[in-house]
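In the two assemblies presented below, chain A is common to both, partnered first by chain B and then by chain C.
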Partner chain A sequence: MSRVTRDQRRPWTFYVLAGVFILYVAALYGPMICIYILSFQDIRGGLVFPMKGTSLHWFVDLFTQARTGDVKGSFDRSIRLALAVTLITVVASFLAGLGFRRGFRGDGIVFYLMIGSLVAPGLVLGIGVGLACTFLGLEAAWYSSALGAQLSWTLPFGVLVMFAVMSRFDGRWEEAARDLGATPAQTIRLVVVPVLAPGLVAVGLFGFTLSYDEFARSLQTAGSLNTLPLEIWSMTLNVTSPSLYALGTVTTLISFLIIGLSLGSIVLIQRRRAAGGGH
Partner chain B sequence: MAITRGDIELAGITKTYDGRFMAVDGVNLKIPDGAYCCFLGPSGCGKTTILRMVAGHEDPTDGEILIGGQDVVGLTPAERRTAMMFQSYALFPHLTVRDNIAFALRVRGLDKAERHARADQMMEKVRLTELADRLPAQLSGGQQQRVALARAAITEPRVLLLDEPLSALDEQLRVQMRQELRRMQRELGITFIHVTHTQLEAIALADVVVVMEKGKIRQAGPARDVYAAPRDRYVAEFLGGQNVLSGQVTRVNGARATLAAPQLRGIEIPLRPGLVQGDRLDVAVRRDDIELVRPGSGPADPATTAVTTRVQAIEYQGAFVKVMLDPVGSDEFVAYVPERRFFTDPLDVGDVVLATWAIDRAHLLA
Partner chain C sequence: MTRRGNLAGWLYVSPLVLVLVPFFVLPILVVLAASFMETDGFGGIIPTVTLANYAGVLTSKLTLDLYLATIKFTILTWAFSGIIGFWVAYFLVFHIRNPLIAIGLFLVCTVPFWTSNIIRMISWIPLLGKEGLVNSTLIGAGVVDQPLEFLLFSDFAVVVAYVHQLTIFMIVPIFNALARIDKRIVEAALDAGASRFDVLRLIVLPMAKNGIALGSIFVVSIVMGDFFVVKVMSGGGSASVVGAFYEDISVLQYPPAAASAIVLTLVLTLVVALILRSVDIRREITR
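What follows is the complex of A and B.
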């Protein structure tokens, strides 16, 4: 009996590790939470605690005052850019996943080149793309050079996720489809894509979030018009009001929204299957 | 698309990988229309490769495959009118039972109402109606197999190809589904080719059993022929139920010959034309043809031959008792004694016995 109670008591290491974990969580979320709280101050608000009143003043300020920068425009650009990156990443990763599974001449080299662009420092890569544009006499812009620079980062990521997704794909499903008379196009449309759909959503989510908060690769490639992370960065240099915090709160909400939508769609796909939706 | 018969002829088909490994090595075989044919052999013997070549998922390196008299090499599975049931079934995980079964109709462009009507008909046939809206993951192994069968059968194939269809099931279900396969085959009246490594499955089901080894056919024929009259040592050992003894012919006299080996003190065997003294030979004696008697229990019947041996182990099997005797050289030597007979005078481990059998029951192997 006494042995049982002794076994049930937690060892001292539990409390040490729990303490480390709490510190970690506090360091991770504490600063962010401070920013969210401080963004809800009223007009007297400053950049540090204590809170001075509560209002949505700085949110309004964010979208109305020109002196805080082009928040709306940069937000717009960032979303469009992220959507374009997402679309390209999903399509290219899917096709690359199919290609790598079949194997092709030189697939090893392509794979290592891909990993290379993943580990290359983003800032250096961005500067390189920027220089290349100057050298070729092309004008850098968020929808061209920045798009390319961001894809150099999201595509390898997407392909790696696709590998993980594909590893659970049974090639006999395709063979069965062929056996039942499906053309290659029908096999892709009716079997491969639906089976891989949750994985493709995950790839899309990766692409979107990586692009949406990409800074290093965009810095030298976005041209004259800023994306949102660049705008925020420039604001930290010249804006000294809680509207900066309000911006942090808004972008966080949007990130959560995107993640929620993605996870929601995965859950929906799975629930529809579990419920036997079919068509 | 004029293939209406399901008779199959394999003419010298060969499959090599990387130009070196011979998976299938010049196989010739005729399977009549509407037959249940089992390819039997250990893994890697080429049986699945043959199946996949007949199905159209692989092309032979050489040779012809004729279905209903027409060479089908290069045709798609749909053009061949074959359908395959994959090992572990390969049901589409995102589609319900109904949509899985209706898949072939969907890719042919049938509208939803018609394909559902036909799928429902098929589901009734294989007793899946109440599971129509389930997903494959929510089905038991036996139910999945029925879905796979229905999905393949709805294409109205002339030939159904089954790759180890029972291996994913547990023992009890296997026997049950075995009967279901046979029933479906009779009902559909089409040719089944079934690949398995389990000899019990093959001889229980097949009209034609094809025993394979290393890409070649060792023997093909009705189940009883292959079991009771194996052509060679390999077939006899693979199908089991036989004791294979080898030795040298020491004497030939009229109707009999004597076979002996260092570990075998001379047994009488039937004569075969061309057999001469000095030949090395394998003979097979069915385990259930062997009778065990205690030494000195009456005079020996001149139509029998005997080996003096000792009981090594005894296994109770229900209907019979498996008595393992001293091996003859490197060959197992086993007798299956009917249960009631065994217990009239039960033997014990270590007992010396005379294993006797009628001489003409011994079967000479190639």
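What follows is the complex of A and C.
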């Protein structure tokens, strides 16, 4: 085989693997698309195809019927919780990323604590947090114990993303700032944060979506009021109408909105940089 | 490293530590403590020291069955997500020539990770159900004349749901590992007469090893620590380790559940430690 043909013609494996890839993506999105479609049935609708009519009946049902639970309230709580988790995750992951990069005595312990928190079964941690609240005489609630339990999951992810982001960060930019007389605080504010901005948006994306969909760690820690995934969970066990699918459509729309905003702003920041001739 | 430098480092990670201590270390210790206590039968816990909970967990035949079932799901999920994840990552790195398109396709694989797992799981119902799309297609095409019952509410459905959710945990680290391979090494090997299979065996697989190990840690720990996929997708036909102690919790039997949770945590730690022997995870992640 000559070099020319090797470089220009696609080997047969390309077509096989392209097939595998297409099948994978179809299996990834296909089922989700099915439930979005089925959520738009009319009142006769069931859980499987064929589609029976088209209407927004199940969306109205979702927000007005008592038997589907407190969907509106849990939406509200989940979004507030996710915003709080996002904010804390971005700040704490950024600082931890800086700390790990400097290195310090005992950083290995913190690193393995973080990995432990990532791989520990969520329900076990949830039970522990719930029991700790009982022992200490504190009331579990979505804005306190569930917030902390979710952070034990989103923060390790956030720091892992920071590692990936920082491995591309050039330390000479900081040195240059220092040589020009910037204080450490100024260096972080005027050099490090702007350079890492796209990465910080990515950390925020992980923080929001992982909190917004978090289930196992919230189950024993959210107290008497449900977050949205807990509401979806109880609907999965009790509700056998397309309103379950309607909820799936609505919650996925919100996730897609957040993903779109995050990826969009990352692209925007990069494009601005390219236009401005870099930093 | 100076003492001041150490202090500054700890200051930077202090918010992280302030979350990990009360919400990871403390809960594990509380569960450990509760596992040695007694239940009063009404949801209360009597603070004594007893090994009865462990004796109960370790001598029950049910425990062995639960672990066998959970290990079966773990191995099947790990194998399928690993094989699919490797070839998807390989395709994106070595067959897509335009890096922008490769990143775009990579994102297409990642987007569902940022949406609800529960919704993605139940979205298999309209496809795999008795009157679902797969069965009606098969019957319509004349392949089968009875709907296939094993598709939904079965072990098959559990594995499908896990692989659907977790393959991304294989794709990302393997993609990262493969993307670091210098393409010139591959070129050189081909020029020196290696076949593409040799390249795969002698260059790509060794380089992918760390990515596979990292992905395995995620997949194994998530499947072993999970219960809701088994509960919903098996239709109650299968049980899992976590599912069993979740049942204990719902009837407020905390100490036996705690003992079972500690045993699971130890097993999981052992498995992860075994995987870690083959990869320096810290170097892999931070470089």
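FYI, the second predicted complex is superposed on the first by the 249 of 279 C-alpha atoms of A that agree within 3 Å, B and C clash if a C-alpha of one lies under 4 Å from a C-alpha of the other, contacts with A are read in each partner's own complex, and residues count from 1 in each chain.
What we mean here is this: a residue touches a chain if its C-beta (ideal position, glycine included) is under 8 Å from a C-beta of that chain, and two chains touch if they have at least 3 such contacts.
Keep in mind that this is a model prediction, so the values were computed, not measured.
Superposition of the two structures on chain A shows chain C fitting alongside chain B with no clash. When both complexes are overlaid on chain A, the residue A:Arg178 reaches chain B alone and has no touch with chain C. In the overlay built on the shared chain, the residue A:Leu205 is in contact with chain C alone; chain B does not reach it. With the two structures brought together on chain A, the opening angle seen from the C-alpha centre of chain A toward chain B and chain C is 90°, to the nearest 10.
Of the two partner chains placed by the overlay, neither chain B nor chain C lies in contact with A:Val85.
By the touch criterion defined above, A:Pro194 lies against chain B but remains apart from chain C after alignment on the C-alpha atoms of chain A. Legend: residue contacts after superposition of the two complexes on their common chain; A:Val239 is shown touching neither chain B nor chain C.
In the superposition on chain A, A:Leu38 makes contact with chain C only, while chain B stays out of contact range. In the superposition on chain A, contact of A:Gln186 is made with chain B only, not with chain C.
Ranking chain B and chain C by residues of chain A touched puts C first. In the superposed model, A:Ala222 makes contact with neither chain B nor chain C.
After superposing both complexes on chain A, the closest C-alpha pair between chain B and chain C lies 9 Å apart.
Shared interface residues of chain A, touching chain B in one complex and chain C in the other, do not exist. Note for the complex: chain A touches chain C at residues 3, 6, 10-11, 13-14, 17-18, 20-21, 24-25, 27-32, 34-35, 38, 47-49, 88, 91-93, 95-96, 98-100, 102-108, 110-111, 113-129, 131-132, 135, 148-149, 151-152, 155, 159-160, 163-164, 167, 205-206, 209, 212-213, 215-216, 220, 229, 232-233, 236-237, 244, 247-248, 251-252, 255-256, 258-259, 263. Residue ranges of chain A in contact with chain B, taken from their complex: 170, 172-173, 175-183, 186, 190-191, 194-195, 197, 273-274, 276, 278-279.
Residue ranges on chain B touching chain A, taken from their complex, read 55-57, 76-78, 82-84, 86-88, 90-96, 98-99, 103-104, 106-108, 133-135, 151-152, 155. Residues 1, 5-6, 8-17, 19-20, 22-31, 34, 45, 84, 87-88, 90-92, 95, 105, 107-109, 111-112, 114-120, 122-127, 129, 131-133, 136, 164, 167, 176, 190-191, 196, 217-218, 221, 224-228, 232, 242, 245-246, 249, 254, 257-258, 261, 264-265, 268, 272, 281-282, 285-287 of chain C are the ones touching chain A in the complex.
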